[in-house]
Amino acid sequence: MFSVGIIGITGYAGVQLAHMVARHHHARLTYAGSHSHAGRKLKDIHPHLASPEGDILLQDDDIQTAAASCDVIFLALPAGIAAGTLNEDILKKTVVIDLGADFRLRDRAVYEAWYKKLAAPSALLEKAVYGLVELHRDEIRNSRLIANPGCYTTCSILSLHPLLKQGLIEPEGIIIDAKSGVSGAGRELSIDTQFCEANESVKAYGVAVHRHTPEIEQELGFARQGGQPVIVQFTPHLIPMDRGILTTCYASLKAGVNASSVAAAYEDAYGKEKFIGMRPSSSLPQTRWVKGSNRCDIGWVIDERTGRIIVVGALDNLVKGAAGQALQNMNVVMGCDEDTGLSASGIFPI
Amino acid sequence: MFSVGIIGITGYAGVQLAHMVARHHHARLTYAGSHSHAGRKLKDIHPHLASPEGDILLQDDDIQTAAASCDVIFLALPAGIAAGTLNEDILKKTVVIDLGADFRLRDRAVYEAWYKKLAAPSALLEKAVYGLVELHRDEIRNSRLIANPGCYTTCSILSLHPLLKQGLIEPEGIIIDAKSGVSGAGRELSIDTQFCEANESVKAYGVAVHRHTPEIEQELGFARQGGQPVIVQFTPHLIPMDRGILTTCYASLKAGVNASSVAAAYEDAYGKEKFIGMRPSSSLPQTRWVKGSNRCDIGWVIDERTGRIIVVGALDNLVKGAAGQALQNMNVVMGCDEDTGLSASGIFPI
Amino acid sequence: MFSVGIIGITGYAGVQLAHMVARHHHARLTYAGSHSHAGRKLKDIHPHLASPEGDILLQDDDIQTAAASCDVIFLALPAGIAAGTLNEDILKKTVVIDLGADFRLRDRAVYEAWYKKLAAPSALLEKAVYGLVELHRDEIRNSRLIANPGCYTTCSILSLHPLLKQGLIEPEGIIIDAKSGVSGAGRELSIDTQFCEANESVKAYGVAVHRHTPEIEQELGFARQGGQPVIVQFTPHLIPMDRGILTTCYASLKAGVNASSVAAAYEDAYGKEKFIGMRPSSSLPQTRWVKGSNRCDIGWVIDERTGRIIVVGALDNLVKGAAGQALQNMNVVMGCDEDTGLSASGIFPI
Amino acid sequence: MFSVGIIGITGYAGVQLAHMVARHHHARLTYAGSHSHAGRKLKDIHPHLASPEGDILLQDDDIQTAAASCDVIFLALPAGIAAGTLNEDILKKTVVIDLGADFRLRDRAVYEAWYKKLAAPSALLEKAVYGLVELHRDEIRNSRLIANPGCYTTCSILSLHPLLKQGLIEPEGIIIDAKSGVSGAGRELSIDTQFCEANESVKAYGVAVHRHTPEIEQELGFARQGGQPVIVQFTPHLIPMDRGILTTCYASLKAGVNASSVAAAYEDAYGKEKFIGMRPSSSLPQTRWVKGSNRCDIGWVIDERTGRIIVVGALDNLVKGAAGQALQNMNVVMGCDEDTGLSASGIFPI
């Protein structure tokens, strides 16, 4: 049994994580940090939670205090805060799994260009591992600082990584058209996420400038032989639903590549993965099939007419795209079975 | 470890039950009956399910065969079928938990008047127990035939039972105005449940004739001293959401009844119940707070101006209103801890 | 051709009104008041509007200035502002149609008890007419100050008024259980109306204290012979949809009243009304059937078992419940055909 | 005043058209054809419609009979029926505006390859004009057979046509990722469009095989100098909302093309069009802004990093994508003002 802290527990990712940690056989939630609601019980803010986790008393979101008493702490904070607060002393005391963006990008200049903030110190960045378990399992096992990937990025990278790794698609010209439910925008008040403004509508946003772009490019670049850079066109859209991400990825197949080689590449990459659901070609992923699940579903179609492969990925942005993946990281780093407390099955209709 | 069969597994209640049974530590799903999809895997019909439960092979929905091999069978069938099929021989072999209506009403004439079908034989009806655990726990423990309550009825009865039992409200003039998500209508094709017909709209239906009415009246009648009859006005409404039931109940307070006596009645009835969530008066139940949970939340307001109490109940129609309650019944009858495989906490936002 | 001003034009009711005034053959929108957005074009805030109305320049929401230049001004303002600003001088210059609550209640003490604000001066209140055209057409024609009714109240009053007027129902024990889309809450930022908080959920709110209660009671009291008071139990609910109100009204029928007398009462009251849609008994109103329409649909069922009538009303809260009704009032007071610029047909599916 | 017939009036496009024709100053609806509901009134099937159009008696969907009595007939029928029924005799009697696909494609072989049905006779096809008014206004004016474009195609073609015509983008490598509300699937019963199956989810469908692809390619090919072919990758997605289409189009800019030349191309093409809404670059189109409007909104972003332009189009699939465009065609061919009975402004929030 180990002790767990969550900083930023009342946001959508934080409270999903609280729900999951409370059901984990080896973890015990002992620190619940909330900047805005310290002094109240978690169920006062989130009445969907019953005892015991609903009764946890919220404390200030103090990383130092949490680190002193917890074996693992999860950070669910706005960009920039973790970068400015974490240090080696904290990492000596506790394992940090950061759901934010501050430790995801290897290149400080790239972070600063896209985030318009000071990047984390190099010494810390070097200790960080990109927490996409299916790609970096062994490194995660030996790390004390895990950068949990973004929701869009998890879905995009898992969809395309095997094809780039095996050299089946052209690395140029990749387009990722992504669709997300509204919970991806977090719980902050905003006119754009008011019910009557987001309901019954769809829109593109962050076109050409969305911050998940460099994260996708970094990991897809690593997939290539020699790690050469990959440039992707990434366009997110807001969909009138609570949860779910769908990424529709377009890439040109290299000459001679056919359905068998594509199927083999995915089998090779994910054949033993519990949380990747490869779809039959007749039935592409839908976000309703992964709600509440830690799965990322992937399906694909080859268009002979255009020479392209269209790969569709789907996941629950608050589970495999945030809290579930964070728990999966915790399981790996703490030596638990990787699927402890995680469900591959989803819940439907919900 | 005991073996479980589900007949009618591909409907919304059936597949929710499959999901829950697969996560139950003492149960093993061994018979999956589906009239329409026999020969296919469950995940072919319901891709949200992963292995192992997704891989179950669907068989014909044969109650006899299921009974011969299972310790418990759940029936999720249209009205009339269970009444015409069950017999004492089956009940000798297995425990039956019926999610349908055929064994809920004690009075055969009442069943036949509301359902326009032949009622189940008296001999079988006498063996049946109404499976609302919070009211009939001891009888359920010793039964072989459990009639799992309807979704609207569970919410309505739990809301009002303590007040009638303690004689705090007038038994005359009770009105229950209920609201349900669309999954309550089941998975059959229907123009009224097509997306564009149900979305962005609300309507009343079954006014004065809804079949859950006599079930509510029966159990509320039992609550009264002497079991005198109770007549309720019950009006369901269709709400553009997947899951959830809210019941707004109106009753006149008897003279001298105040907030303390009401609070005491609920505390007396539910103080030790894990799956009843009494809300503070400042914060009435909302269906989003019980999604995925086996809880029924209850809150109330006394209107001094009108002399009435307004009691609001909320539950997830596929969990406490169907599959979760069925599992709770199974736990009781099979001697497991009552909350095995059931969560009091919900999932939000989903 | 007469000139029209709208104060508070960027709220949901205000912008619906702008859309309607722009399509009215005899009216011209000449003053567009917006406290927060003065200096911008209306289409900058509301890009659904094209030229010409989208190009209107927003001015400060100054009632005096608007009154000086407009034949009619509409006020869509928070409670209390109109009461503190209007005066006889303004009413000499212009006709005022107030979409707010300040002039709806005849009794200043009732207003102050429910609104916790100072009521409008008696001298002004005496000039005000309650702008429910179907009930007060002749008074409206001769008024300079029209209090446009609330959305819930319009639906509730129209549903029950003929029954009380004809003495067909008991005035005691009336219950109105109402359901509203989220646009009824206005366009102000609020955590409760954020998409992920309101979507896929239903809740009651304002139980026993909602401010539309006294407005309903006032007009239903006027319906009774002798104008004796009527007390109603009114409970609103929030429904996950943009537009629409459904009111489910419960009342006890007086002895000897039957379906014919009820039908005759409605025919007598509404037989010649263009904007009341009486439904056949087999098909109660649904909110989707009145979206974009100025109709209030009404249907009813008699429950012989309980001696009650259940009357269901439906309207579009931003049309017959706000802007459409305001335009209908304008037509009456300005001498236009009552349906100019108003559609009895709705739009579906939308 | 001219007389109008609608064949297939009870589908979503047909009933939207009925609503619009009833509000048109020069047209009178005289023939309402419905295969399934002949003998009933239109408002029995669609209670959102009030008198007068709601009272129209439905007749069998007989094109011959309609042609004999109407100046214009609209066909809203499944693919293949119009191709097999229309003939020169009918076109002598009446103008036909076909909302289906049978006369959209110039090349019979292309039609037969994508639709797996016999194409319309060449003699008839030669008389047909592709009814996208902004591109073919003059031809439409002189035609008797107008093929109203598909919903996805209208949005896609209008978005990209000016760029291809001016040679600003590479004709190779165009990708159109489209999103549609559920009404696009029509009113037929289907498990995929049941509320609980489509709600709270997003999916791709028809990947690489959707029938709107060749229609887009045909018109974009015509845009090029010399009419050389254009191949596009078209992927539609189903969005949990009633109405609206958003197309996100990706194309590579030719060398030297900049924002000014792009803006000039759109201005040149659409500067005088009432129903094209060019968005400022800071504010891309959203489907909620065109609901109920006959507008197609277009916005674009140049991504210097990738050398691409991303063009986003939005329209209401039942208005500019179907019935509104059909009415616009009628206005042109019958010599009315092009915007008669059509609104450029939308309705919001609805």
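All chains are identified by letter, namely A, B, C and D, in their written order; residue positions are counted from 1 within each chain.
Here, a contact is a pair of C-beta atoms (placed from the backbone, for glycine too) under 8 Å apart; a residue touches a chain by one contact, two chains touch by 3 or more.
Chain-to-protein mapping (UniProt): A, B, C, D = N-acetyl-gamma-glutamyl-phosphate reductase.
Fair warning: this is a prediction, and the values are worked out from it, not measured in the lab.
In summary, the chains found to touch both chain C and chain D are A, B.
Annotation: the C-D interface is duplicated by A-B among the options B-C, B-D or A-B, judged by over half of the residue-numbered contact pairs being identical.
Taking each chain's centre as the mean of its CA atoms, A is the chain most distant from chain C.
Per-chain Cα centroids separate chain A from chain D by 39 Å. Centres computed as Cα averages put chain A at a distance of 36 Å from chain B.
Rounded to a whole number, the gap between the C-alpha centres of chain A and chain C is 47 angstrom. Annotation for chain B: residues touching 2 or more other chains are 12, 183, 196, 199-200, 240-243, 286, 288-289, 291, 349-350. Every residue of chain A that touches chain C in the complex is listed here, in rising order: 12, 182-183, 187, 189-191, 193-200, 240-242.
Here chain B touches chain A in the complex through residues 12, 15-16, 19, 22-23, 46-51, 53-54, 183, 200, 242-243, 274, 277, 279, 283, 286, 288-293, 295, 297, 343-350, going by the rule given at the top. In the complex of the two chains, the chain C residues touching chain B come out as 173, 175, 177, 179, 181, 196-197, 199-205, 207-208, 231, 233, 235, 237, 239-244, 246, 248, 250, 284-288, 291, 301-303, 305-306, 308, 310, 312, 349-350.
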